[in-house]
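Notes follow the structure.
The letters A, B and C name the chains in turn, as written, and every chain counts its residues from 1.
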Amino acid sequence: MSTTTGQAVAAGRVSVPRPSAAERLSRWASKLTLPVILLLPAMTIIVGLVGYPLVKTIWLSFTDTRLGDLINGTSTWVGLENYKEVFTDDQLRTSLINTVVFGTACVVGTMALGMAVALLLNQRLRFNWFFSLAVLLPWAVPALAASSIFKWLFDDRYGFVNWALVKLGFDHFQDYAWFADRNSAYVAMFVVVVWQSFPFIALSLLAGLQTVPKDTLDAASVDGANAFQRFWLVTLPLLRPIIAVLVIFSTIWDFKIFDQVYVLAPGVPDRAADTAAVTSYREAFALGHFGTGAAIAVVLFCVLLAFSIAYVRLIGKEGRT
Amino acid sequence: MRWMLRRGWMYVCALAISAFALFPIYYVVITSLKPRSEIYTRTPDLWPNHPQWHQYTRVLGEGHVGRALANSLIIAGATTIICVVVAGMAAYALARLEVPLRRTLLMLILTTQMFPLVVLIIPLFVLMRNANLIGTYQGLVIAYLAFTVPLAIWIMRGFIVTIPEELEHAAMIDGATRVGAMFRVILPIAGPGLVATATLSFIAAWNEFMLALTFMNEEQKKTLPLVLQQFVGRGDVDWGAVMATSVIYTLPVVVFFLLLRRRLMLGMTAGAVKG
Amino acid sequence: MRTPKVLLAVLCAAGLMLAACGSDDKSSNDKASASSTPAKLSGSIDVWIMDPGSPKIQSVVKGYATSFQAKHPGTTVNIEFVPWAQAHDKFTTSIAGGKTPDVAEMGTTWTPEFADEGAFEQVSKPPAGQYVSSLVDAATLDGKVWGKPWYAGSRALIYREDILKKAGVEVPKTWDELIAASKAIKAKVPGIYPIGYTGLTEHMYLPTIWQAGGQIAKQDGDSWTSELNTPQAAKAIQFYTDFYKEGLTPKAAIGWEEPDAQTAFINGDIAMLIAGGWGYNAIIQTKPGMKSKIGTTLEPAGPSGKDTAFAGGSHLVVFNGSKNKDLANAFVDYMLEPANLNQFTSEIGFLPGTVAGIKASGYLDDPIRKPFAEQLLDHSAVYPPSPRWGALEGANIFDGEIQKVMRGKQTPQQAAQNLAEKMDQEFAG
């Protein structure tokens, strides 16, 4: 259907005969061809590679499966037993709470810092090249290496952080064991996660800031809006789609965190600092309770799903859906 | 002088953030140059007193870091290219075309991201084993695509959606086809978004550890994260080697950034749309 | 709108079908590879060895492969190194996924766990006196043996002679002497903590239960029950955790793993350390200057008079999924030949798993190394070789309780009780 025909019809000048069923079908099919071609590779990969493992994991969560069961296919169906355990066992429940609280904190921290950096970068300050390179670098460092580095920086006897804090007058931090206590371990992990995550957020927000038409901002300026008002009333609403996407993904990532917690949290007594991903892994691989491990993962999944749906509704129409 | 006051605080912020971002990296570099006695000291030095470069030669030689570097480059590079192409197409379709159940598909794509990867290792392993892809580059690339493509689709779609449709309509009225408009209009403007997504995919594949550990057994094919772990041995951690390897590990990405920084930073939307 | 939903269903089904029916990787080839004549070996095998971390040791192992291949032309032995920290999980994945190596180095505490899943080929029971008996016990499940002891090590007490001298104490031989020595060091030698007892190293705290005269678990036919709910176990936990509570160990030690304690010893932060011969090797290699300052002795004896320590090590196992078991077994036996065995163990600072090997290693004649050999031969035991032990270890069930006592959040008696409960839960499956 070319636009000219459409316009002509709309103008009422030409009347188009009602298409037959066959014609409708073929038109519908040809209208679909392009989308299908464009979508097929991606969907094949996603459904094929992720679909099967996901389905299997969800199924596993309703069973009691040990390593032997995995090999021989002899899992026992236990219904909601695993889920009951997830919510009643202290350690498992704590890990879920940890995940939500810590994850949220990381998202807030990352978005705030990312936005600040994006705004600064958009200002094209002098030495912008230096600043932009500096904020990109943490992203280049692999999570495991970053965790090791920060573990070293926060070391109780030889770490830089304690030395600097003591020098600044906080004697409390002499030989302070950051990773022996849950809350201080989380402070350290927060720093690591935000340090690693903010570059990407900043970069994406910057790209978004650059699609904000200068004319609109100029117009607002002429109308008497100051910098803050311009940001709040013009820029932010225009950035909504990108911010929405970034918040959702940040949340998903930060709730799923594995590497950093795996490296930095084991020292905390009684595994009190483990998050859901680490606990799930431990239940499955260390303890051999594949069913329970799967259940934890599914609960995490439900939490994230609920959040995503709720958030998308809250944001309203994101872009041109 | 007013300039100083207005912009001054921005410079201070920028400086503080730069220090936050760069300090750990700086620390890694100097630690890689320090002998053990200088590393384990109660008053950390911010400058290596006797810089030793032997860690680098050692790591590249005995540690086979060079080979691992090549492996990582191949795998991450392949993943990035395929991911951007595949996800780009899908993102365009989901942003512009009338796809049945678009919302459902988008949600479906999003949900695949909501499981921690480690939980999916065993089923993925079984899948790969059935396809005889364990221990191959292709197997790992495909596995990486599974978690980079969904993310890439969402992010690119987010960018495409903010580009006004009038631009493509203008191009199509000028005679371009739908696909042509996609290339001539969307691609240049979504440039920064595309590069950001490519970078994300590259880094995700570059840094990935768990799957590489599970799928790659041969020494020849090991990627850098695996090789890095070998220095975190049974007893004392070989910090010098760990830091040197980390530096080598980070270099290609830094180069990547240096080359693409302009593309990333300078948008190309200046004046593209009037009202 | 029926049709689009159908399209979606078709898409999904297609995707799932694609995923579900991959090419079946059943072993179609190599049914005939099992040769009957012992001399004619062929084919290739994959061997997983724990990454020793040092390229020097890696080359020793790779040397086995090359010399074996030279002896048996037409064979290929692929050595692949696996990092210790992730090895257990890698084994789990490969066994669950049905693609295992042919031969592997298996931590002794994991052998029963995986043997229970039918992962290994059975080994004929070795004659008594060939191997260190506790190591064979560790590879035994249901009366059958599933692996051959490769190397072993037992932890003993390493101490700073100079610090003990400064504090004016003798080398401690009993629990009471250890406590006294620690307190003396704390009082008289500032800047160094007396001992590095950590919260995460079961090889440091579990043996104290033996030393107190208790047991960890008892086997009853096929099932195991925990023996930790006893006064001896509580006493042991109390002894161990008191060091932390009284400031005789660094504050961070509650979260340390064994390597952290070793590092602390090398850096001169602690004066006494429970470690094995490999730890000793690592210490003097990293800081040769320490060699003249440190001494070694058996672990201190508890109130029961016992000074038992944990005998750890690795077995060599052949997997049931191997397509070339003859070659696999031949290579294992090759690695266990005394000359080869000793070459490896002397490099890494462990002892051979064979009694003859230990006697030939020269450890018993070396005064500094003698305690490690003695400890292994006469004063060591293994953890209960239950298939669930690997899970107990891996999930750090013990650590949590010990840490809670260290923090003062529960009493040693409560800890003993909780541990017994958790262990029984786990044993029951």
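Convention: a residue touches a chain if its C-beta (ideal position, glycine included) is under 8 Å from a C-beta of that chain, and two chains touch if they have at least 3 such contacts.
Remember, predicted model here, so these are calculated numbers, not experimental data.
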Among all chain pairs, the one with the most C-beta contacts: A-B
Farthest-lying chain, centroid of Cα atoms versus that of chain B: C
Distance from chain C to chain B - Cα centre to Cα centre, in angstrom: 37
Whole-Å gap between the CA centroids of chain A and chain B: 15
Multi-partner residues of chain B (each touching 2 or more other chains): 40, 100, 105, 122, 127, 229, 232, 237
Sequence positions of chain A contacting 2 or more other chains: 32, 43, 46, 49, 51-52, 70, 157-158
In chain C, residues with contacts to at least two other chains: 7, 19, 93, 96, 98, 267
Partner chain B, residues of chain C touching it in the complex: 1, 4-5, 7-8, 19, 22-25, 46, 48, 51-55, 78-86, 90, 93-94, 96-99, 101, 258-259, 262-263, 266-267, 278-279, 282, 286-287
Touch list for chain B against partner chain A, complex: 7, 10-11, 13-14, 17-18, 20-22, 24-25, 27-28, 31, 39-44, 86-87, 89-90, 92-95, 97-100, 102-103, 105, 107-120, 122-124, 127, 142-143, 145-147, 149-151, 153-155, 158-159, 161-163, 165, 172-173, 178-179, 189, 192-193, 196, 199-200, 203, 206-207, 209-210, 224-225, 228-229, 232, 237, 239, 242-243, 245-246, 249-250, 253-254, 256-258, 261, 264-267, 269-271, 273-275
Complex contacts: residues of chain A adjacent to chain C: 28, 32, 43-44, 46-49, 51-52, 55, 66-68, 70-71, 91, 156-158, 175, 177, 179-180, 266-271, 282-283, 285-288
Chain A-facing residues of chain C, complex: 3, 7, 11-12, 14-16, 18-20, 88-89, 92-93, 95-96, 98, 113-114, 116-118, 199-200, 250-252, 254-257, 264, 267, 269, 390-391, 394-396, 399-401, 403-404, 406-407, 426, 429
Residue numbers on chain B that touch chain C, as the complex places them: 36, 40, 62-63, 100-101, 104-105, 121-122, 125-127, 129-132, 134, 213-214, 217-219, 226, 229-238
